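Please see the structure below; I have some questions.
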Amino acid sequence: MSDKPKIGIYWCSSCGGCEEAIVDLNEGILDVVEAVDIVFWPVAMDFKYDDVRKFKDGELLASFINGGIRLSEQEEIVKLLRKKSQLVFAFGSCAVMGGVPGLANMNNRESIFKRVYKEIESNDNPENNVPQTEFKLEDKYELELPEFYDSVYPLDQIIQVDYYIPGCAPAPDTITDAFTAILEGKLPEKGSVLSPTKSLCDTCPRKETKPDKIEIEKFVEPHQYDKLDDDRCFLEAGIICMGPATRGGCGERCINANMPCRGCYGAPDDVKDQGLGMLSALASIIKPDKEDEIPKVIETLPDLIGPLYMYGLPSSILFRKKIK
Amino acid sequence: MKEKERIGFFLCECSQNISGTVDVHKIKDELQKQPDVVTAEVTNLYCSAEGKSEIIESIRKNNLTKVVIGGCSVKQHEHTFMNVLEEAGLNPYFMQLVNIREHVAWVTEDKEKATAKAMALLKAAYNRVQYHKAFEKKEIDANADVLVVGGGLSGCEAALNLAADDRKVYLVETQPSLGGQATKYESSFPDLECCSCMILPKLQEVVENPNIELLNYSDVEEVVGFFGNFEATINKKAKYVIPDKCIGCNECLEPCPVEVPNEYDDFLGKRKAIHFQVTGATPYIPVIDKESCLRFKGEDCTKCRDACMFEAIDYDDEDEKMEVSVGSVVLATGFETFDPTLIPNFKFSNGTEVYTALQFERLISNTGPTSGKLVKRDGSQPKSLAMVHCVGSRDKRYKNYCSNICCSVLLKMSSQILEEKMVEGIQITHVYRDMTIGSTGMEEMYENLKEEGVKFIMVPNPNDIALNSQNGQVQITLPEKTLNADMVVLAAAMVPNKKADKLIEMLMLSKDEEGFVKPTHRKIDAVSTPVEGVYVVGSASYPKDITHSIIDGSAASGKIAFELKPGKKLEIETLISTIDEDKCSGCKTCISICPYKAIGYDSEKGISVINEILCRGCGSCVAACPSHAITARHFEDNTIIAELGGLL
Amino acid sequence: MGNKHISISPITRLEGHGNIEIFLNDEGSVERAVLQVPELRGFEKFSEGRPAVEMPRITPKICGVCPTAHHMASQKTLDDLYDVNPPETAKKIRELMYSAFMLEDHALHFYFLGGPDFVVGPDAPKGSRNILGVIDKVGLDAGKVVIKNRRQCREIITDLGGRVIHPVSGLPGGVSKGITKEDQEKFKKYADEAVEFAQFTVQLFKDVVLKNEEYVKIITSDPYTHKTYYMGLVDENNHVNFYDGKLRVVDPDGKEFAKFNVRDYKDHISEHVEKWSYIKFPFLKNVGWKGFVDGKDSGVYRVAPLARLNASDGMATPLAQKEYEYMYETLGGKPVHHTLAFHWARVVELLYASERLKELASDDDILNKDIRTIPESTPTQGIGVVEAPRGVLIHDYTTDEKGIIQKANLLVATVHNSAPIAMSVEKAAKGVIQNFEVSDGMLNQVEMAFRAYDPCLACATHSLPGNMPLRVKIFKSDRSVHDVIERL
Amino acid sequence: MTETKFEPNIVAFVCNWCSYGGADIAGSMRLKYPANVKLLRVMCSGRVDPEFIIEAFRRGADGVMVLGCHPKDCHYIEGNYKTLKRYNMLKPLLDQFNIEQDRLYLDWVSASEGEKFARVAKEMNERITQLGPLNWKEVIGQHQSREV
């Protein structure tokens, strides 16, 4: 084995998009492979838990972990990786804040199993079977499944995380900047998010045309808005754009597709709760002052979780819905 | 790593008021166990001289960095103890006063619970002071000069008082003459006192006052800046008459070949192209109206110049821009009258015998088109006269408010007509909804008129009656009956002056739903506006009579006199909000919501900027900022969260 | 009963990892092999309460490798939900983006994942059974062409969808962003290159695979054969279509068994549940679930490239049609039941995708500014379908009148194939594992059985030098390790 | 005699100019109200960040009150309107998290309304006692490592 620093990459409850993002670095990835040994990457190379166990504590320079924690198995592995790694990077929205699968914190294991295995209209499940963590197939073949938790957890709620690489998926620049920082030993203080703290508006192509005063008379969805092609600030039309409450650095990808931001880069530093940050801003610019008119405006927004917490529910202050 | 705080607790017994219910000694022992607590002390009265010096000594002896006082309301003693800290050489903001008297001892029966609650509040304060930062008072240079916009009575009043306070006042009036609408009135209610007699001397004072720079026939084109430092651009319209040379001899008027309807008489009478606004205009100098003068239509007429023996006429005169710097602005832009033709059931055209009250006032005024003779347009004398109240007022289809003075004005006119016997045996009929007559003397006038045979017909809403003007007569259809009158006077509502809109916008003032300028508070702060350093007086904020307009003027000048003293610096709010440049992304949310228009956008840096002179530190923007780039001094997020942690 | 137990873990990710559990009898031959999917995220449940219009941004998170498929299925479902017909331009823009995606994804699979098995060879040393091995075989320049074309297709998706991983441009009634002249010029250029590249790929497959009797023998060998039903999306001429059309099912003899609008999918498809896997096992309702067996009486059906070709009467573009005919000639007519023929079918589809991409890119309608119809009707239920690279993908949303999801059902491509994959794996295992002998080549052959299906996310697995990780533990009956074989 | 009877934990954010004064008056009138209502003073109710309210629930508050000046009487002109708007938007959010809307209460208490302050405090305490404990720490469950 060479004396190049060792890197591990692991996925938890994620979609593989983060891996694609690394692959999409194209040539970029080769520089990385030049500089480090990727000793552990289940999607790309030989996968052996034992190898990980065999590492000395802290033998890996860094582990990049994407995906939220949803299964017992995932918890075990990330805890193991934490022991073996000097630095742990939460990679991608899911690991950083739970991500879209974190919306499952509006439900729990029971309700999800109920829907998926019992209720779904196309199911054919007369005995109401539900997957078991331990099951004896045909009474002799012992099979196991990992435990499915009630909630999705961002990585830093399970193990200590040293750095955060946000994004769903992280933009190529965000990734290369992070790798460069590691290789050149130019990492900021621990706990940092490796992306600018200024919110998306700072670099938004529509910033200059945004009026000083915006008042919301009703909330609308992009598909309902007849002037969608005018390239104006979405909030001007009452379309929720999470840009003001979302860390920049993504390259305004959604805005460039003429769609509002949904917040995949998470909250800026100092903002504890991305959704509440945006909620307060939105509420503050609602136009009517009369006690009976304000609720009418808010009624035009039938779901707050989707727009405000699409990526950040598990890292929000309340963390999950209370299931009675 | 910040240094460990040295915190001192001072628990006031408030002679039994607190210690009667709260076990301060138990709390004292509890507190002493807290890591950063150096001392916890109990005394009978910390607000007493001895109490204060105890704190000061303790601060010095234990060189405390932060102080928590368990006592009474911040309303009562926060400043007391801030001074104590200052005296002890500590920044006054290193203190937290916990109200365990009003908020605990006095409102709780159970001693245990009271003690527990007090403990929680003090723990919260313990957490809180850890985050307290030092703040210093700040002062800025301020310009004490004042810009008064509007030369009506309220504006003139303000100008005169302020000038007396030895400061420069710029008084801008868009018309050639001062005095505003009041100058159109022959006499005033309740006593029919001659208006010009009481107004003109005042206006003359304005003209002569060396501290007042009168900019009549001028418009404010731009105002920028903030309290203490406004910059205004004023356009002085060309008068074509040189004020210093003209003595107001009138010789130039007669020769002028042009005659146009006189807007100052609401187009009843006529005037020349070179003219005075009103007889007795102040200043008494004519102007040439470019629109109608032949010279400006390309003809080579010099009649007025030829007639002037003082070479006061200057056809080459031009508009002139002028820059002034002032510290505050007084908005005295007055009102207009509602256009009654907007009411569909009022069918009449100009030139018929239906008049607005203001037109009618001119008609019966000695300086008016008929020099005070009450005659119809055909010169004949009216036998009957109907006066309709509340036209366009108190009706949500038009203007929802009461214009305050109309009833009084109509009564005044009636008695003026009768008193001066303008027409023998004229029948006056009032069509009204109800009499809104406040000031003393009006009631008496009302009674007298009834005795003198003036009819008063009450209708549910005068805006619902029908007017039909045909062959020199006006038919008035009331709910029960119909009556005919030779003349009809409509008390049209007083509405906001549209010409002031641009200025109101420039000053970032807000309007109420009727379009009048919104003061800071209708009752307790009626001449201030949310924009610090800008004041609103007279009918610009709602319809007022002469009395209240004058009062406004005095009130505003009084406020300015206190808030901006010549040569004094301006002390600005210490606990304001501040924006962190490295966090603000310029999303402008805060700009939208600041009630004081204290936040602007720096397009260079692409961020929002708080003007620390205008900010009052309410913290609304702090709570609204989606990236928490704004901090409220002394009420920072982490300070409050820490306090919260202690409470729970 | 001293049965032994082999655990291959993880073989790939479907919705998460996958395990193969192999149980040996005392003779050491396979008694039972099971494919387990130990992950679930519950999108169907947590979509409830969200605005349906957010679904095109939520559902792609099911898979970061084929997000475009979910994005497309979702926006089509919204069209149905809001009963709105997008302008032609919008449809063309969508299909343009989608063709680029199918092309890029199929290429990825052929060159990075499935391809190496053939191009380099099933029993070539593992170290060379990867993209590098392919490049070695076809030459570096060709290798560069592969990478370049993949990137260009992904660039098209980025331009239109904002981002290639989880695009966002889809709306009920159209798309958020139109196409400029400059875009079009670039797309045309990329499309031309894509067609060349596709033809090159077809040729490569013929030269390397078909010219080699060994390979053809493996392809047609019994362990890799299952006589099942096939399902695919077809246009009005019964030609393969990825973006729209009717679902057609053919029986094991190739006869049309059903043809239906996706709105009726519940009349035709049921999902079977097992206690030992988080994934469900769909089957044809009108045939019934008979367990993990093939044949006419078992409701098990297959989707994805081969299934699409089997379920269709041909391809809508000339070059692809030629290759379609040639494939069936060579393999003895329709339907083809050889699992490994999925690779060939995939190459034919790749060619079709490139031709379609070219057609759309050169169609000036795509420059039209009319790219959205604003819905007026109140939403109730919407169902939408597309052909994902890995097969039929169905979204089904029920909402309240405000468009808030009350119920969602998502039939994900790979899930349709979950039973066949399990069967293929077991059959392959039985075919190759005897008396405890487990060799690297044998493991690869087991692996080839499921890899042919290109299970969702598996492609990511192969996008880098390296190969499927595989470790086989052989247990004694007392569960103590008898032997461990690791493929390094 | 308060054996394990549920005593709700209630935080009241009060504005400096009106409601804090109202509480003072309640004091000088010696009006009694439950001791488990604890005040936190801010300059304006408009300063109350929804984050504070939610943080309070997370940290163990069973109820949260926000008290400010009456509409049109705000010392800062319209801070209380901002509060009103945020409050109206927070309610449906609480709903979605399954927190009873009554656990958050907004009202206007002027500096003279000592009686109203005491009443509002009593009524809030009754409402929350009815609702029972919120106990969000339990909802969050075992794994969560973020300190509270």
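Note that the chains take the letters A, B, C and D in the order they are written out, and that residue 1 is the start of every chain.
Note that in this section a contact is a pair of C-beta atoms (placed from the backbone, for glycine too) under 8 Å apart; a residue touches a chain by one contact, two chains touch by 3 or more.
The shown structure was predicted, so the numbers you read here are calculated from the model rather than taken from an experiment.
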item	value
Closest chain to global C-alpha mean, per-chain Cα centroids	A
Where chain A and chain D are represented by their mean Cα positions, the distance between them in whole Å	33
Approximate Å spacing (C-alpha centroids) for the pair chain B, chain C	72
Inter-chain centre distance, chain C versus chain D - centres from mean C-alpha coordinates, in Å	55
Inter-chain centre distance, chain A versus chain C - centres from mean C-alpha coordinates, in Å	26
Residue list for chain C, restricted to those that touch at least two other chains	49
Residue list for chain D, restricted to those that touch at least two other chains	49-51, 55, 78, 82, 86, 96
Residues of chain B whose C-beta touches two or more other chains	593, 620, 623-624, 637
Chain contact graph, described as a line, ring, star, complete graph or other shape	other
Touch relationships between chains, expressed as pairs	A-B, A-C, A-D, B-D
Touching residues (chain side chain A, partner chain B) in the complex	197-202, 207-208, 210-215, 243-245, 248, 267-271, 277-278, 280-281, 284-285
Complex interface listing, chain A residues touching chain D	69, 75, 106, 149-151, 153, 156-158, 272-273, 275-277, 279-280, 282-284, 286, 289, 291, 294-295, 298, 301, 303-305, 308, 317-324
List of chain D residues in touch with chain A within their complex	49-51, 54-55, 57-58, 71, 78, 81-82, 84-86, 88-90, 92-93, 96-99, 136, 139-141, 143-146
In the complex, chain B residues that touch chain A	582-589, 591-593, 601, 603, 606, 620, 623-629, 637
Residue numbers on chain B that touch chain D, as the complex places them	73-75, 99, 101-110, 113-114, 116-117, 120-121, 124, 520-521, 530, 575, 593, 595-596, 616-620, 622-624, 632, 635, 637, 640-641, 643-645, 647-648
